[in-house]
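A short write-up of the structure that comes next.
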């Protein structure tokens, strides 16, 4: 067996704090860069000999989306996060999960309250995003109401579960707010782990899931440095251009001046090309 | 193409009301009993000729867990349910889903309040279940608090989203309770649809998901009557007995009197055999 | 229910011949462009109102890889192909399948023999590809040997299954060659159907699977014209450039002359940029 | 991190020979009985305290099909098997795989020839099975033809790949027989590993896949002894009886004599009950 990556072993069981009560804790892992190479060399046989180094081979695999060797690495995390974040998380179907059940057990009195500067306005240009912070007075008002409501709902939840009432746990839990914390074990392979990071560390992802994804990216760097490096260059920080956008880039390289109107591109597609000129 | 089942076509777009504000609405479906038979006959070729009728063939497939032909049928539903129910629902990973997003849009002021006789005590023998109803006074007290908290939380949610505050939707939503309704489109194949029903129409499933599963069982009967009949007989109402339980059943049939102590079975395993004698 | 696309209905049950004995036959389908829009509008709620047309909405979804609404469409095909092609095909795990079983039934005497101009040399620059045709004499020699071996193996297979020998079918089948034809039913959603096409209609895919994928692309155009159009522009004919490649493109647009040596790019990554200048 | 199971560590990298040229080799593994318990206790919280021992908890999980904690264990194998076996193997979709590619590389001259006593007749009562051995003369004749054909096909494959012809590998491979060996890396979680064993170690499974599944059962016993014990008792050696069969068993226990004709059961369903009386 390939010896385990010592830096990664050192991270096992360490709790990385996220948000006000959340965390990521690595429980176990299997494989690493060497396991990717090992699997790829079985798969491509002598065909991989031309690619001399492990790093170059991994770059090749990631660039060309030959992702099956990346599935040969596996990680298991213990996660704690607000329920509204968990609801997005669980949309990733290619993972194994064991969540704390509020049918069986009592949820703790822990809820997420954003920092004041995270109490932000609805974004003007992003239907699903947030923008500038609210004024300090408004932000405080929002914060106080969030706290007041969470407390009142938990108080009633506790009352429901008290000996006096003895309301069934499976029903009482419905009174809690979506900012209450839940926790679960989550096991996923490296390919799907990086795919998760790609979607959830994206600037358009909600801040409250992004902070988890960013920590996971750091973990990935320790776990599989070559694969994560390739992922950052060829996937996460890469850009895809449509057939029609490529035609316009060609013209730009030839020195032609292209206006949106005569580019054949929609405004959005045209604006994507700003990254080359701004 | 096999002609579509007319009784099922008649159900399309009809809304089946569930709980106080929820529903199941069939959007579309593909295949039926004939599609199962068609696929099985390709798969087993002349090997299926011995099984003379379609009904017998489907019984054979379901009994022996040859489930791949059942995957050849597909159904798409529009569902509305409380968030705490949706959280269980979404644990079934082999389905496609598009959920209403409270990051993009405003959630309606609709929350689930159980009927008075559903406001039940924690079950004594089932860690995750509910038992007898609470006394009328306590039940009313619980109901009123559930309503009070849901209303207050929505009131503040509306305030958050008002022009005055303009708090980002992706954050404001965290103030809502788990009994608020969500809705989604959900597409799944017949094999996984029946598997869902098997787990969620089970007496140990929570009432609030069971009522959906029971309606889905009715839909399945209209959609694929032979397959659903086989499923009820060989899966849903079947019982599995362990190797050691089978040894005890043998003795019981021979007329031997078996006590738990000398049966080699745990108490729970021994009690399973009550169904034969009580 | 949204009325079915008539052009697509006309294709159902038609057999599209592929290779010498293979085919693609549409058995059934569910949904289309309208079903994608319908699901997306549930998902994003009022957030989608800004995107005025169905075509623009689908472009947006495909460009930004919001693929879940595409999973709401489903297609079922009857396929016949050589076993060595089926072996690649079945690596796509997100599909349902019922294959003809040679344990139960006798395989027909049908095997794939490439056309003479497809009897090609090993590619020089592509470890897994093929290049120029062999000389006519060599090509004929290869063809004759392929036929001779396939015939001899089938002759012995028939002898094995004869009344005289009565060798078990599950064992006799092992004597057949990988160019023998198999057939199966295959059901998949649109998202995964297009993903399959993206990989298998790619110029680097083997010709014998590419011809199936190309026909499937035609089918997709009839089935979901908007989604397929978006897919061709934003996925199939799009190019992805790494972070470091984008830096070089920027320089090229500014009119700088960039050589591979000082570009910071590997040779392969540098050569990708040839599409802009050649 | 839970310390690794030493007996299992001792198995890593050991090659278990299967059939004439095949093998199973454990590459790596993650988790064990303790990891199942750890995940279950997070999931059910205080609800699991009543179940005092790890063994009792695992029995409970396996018996009631609470399989998600079993997904928390993962194993990676290096496998070598005949292609016709691999074709069945790969139908299990919930695994990761990297197979040796004959597009890239040359397949070795290794093919499966059954032992003489495995050269068996078509089963009389099992459409997909095999029965008594052929006569020694016929068995030898079959064996010789299998060898002759495999040799001839490989000889031509080698000729195709020779410098003289230089036929593309992706095409030349189609001349090989289905009894040629392939190899792959295969990663799967414990729940799906046991499910595979349940189907493929079954007496109705083909002998050539059963021998792999039986070795995998041994490996499972070393890896997760409690879970495998529970699996053998509650799943593998358990029997499921339909609703109508249970009614008949009830009568049998009451001492009634039940004939098939008046049992309400089909012949097959009635014969299942023979295990109690024979």
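Labels for the chains are A, B, C and D, by order of writing; each one numbers its residues from 1.
Quick note on the criterion: contacts are C-beta pairs under 8 Å (C-beta built on N, C-alpha and C of every residue); 3 or more make two chains touch, one makes a residue touch a chain.
Computed from a predicted model, the values in this text were never measured in an experiment.
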item	value
Steps needed, at minimum, to go from chain B to chain C via contacts	1
Centroid-based (C-alpha) most distant chain relative to chain C	B
Distance between the centres, which are taken as Cα means, of chain C and chain A, whole angstrom	30
Cα-centroid distance, chain A relative to chain D, in whole angstrom	36
Euclidean distance of C-alpha centroids - chain A vs chain B, Å	30
Chain C: positions in contact with at least two other chains	44, 47, 97, 101, 104, 127-128
Residues of chain D defined as touching chain B within the complex	44, 47, 50, 56, 59-60, 63, 127-128, 232-234, 237-246, 249-250, 252-253, 255, 266, 268-269, 275-277
Contact footprint of chain D on chain C as seen in their complex	82-84, 87, 90-91, 93-94, 97, 101, 103-104, 112, 114, 118-123, 127-131, 134, 138, 141-142, 145-146, 149, 152-153, 156, 159-161, 165-171, 173-179, 206
Complex contact set, residues of chain C against chain B	1-2, 9, 12-13, 27-31, 35, 38-40, 42-48, 68-69, 71-72, 74, 76, 78, 96-101, 104-106, 183-185, 187, 189
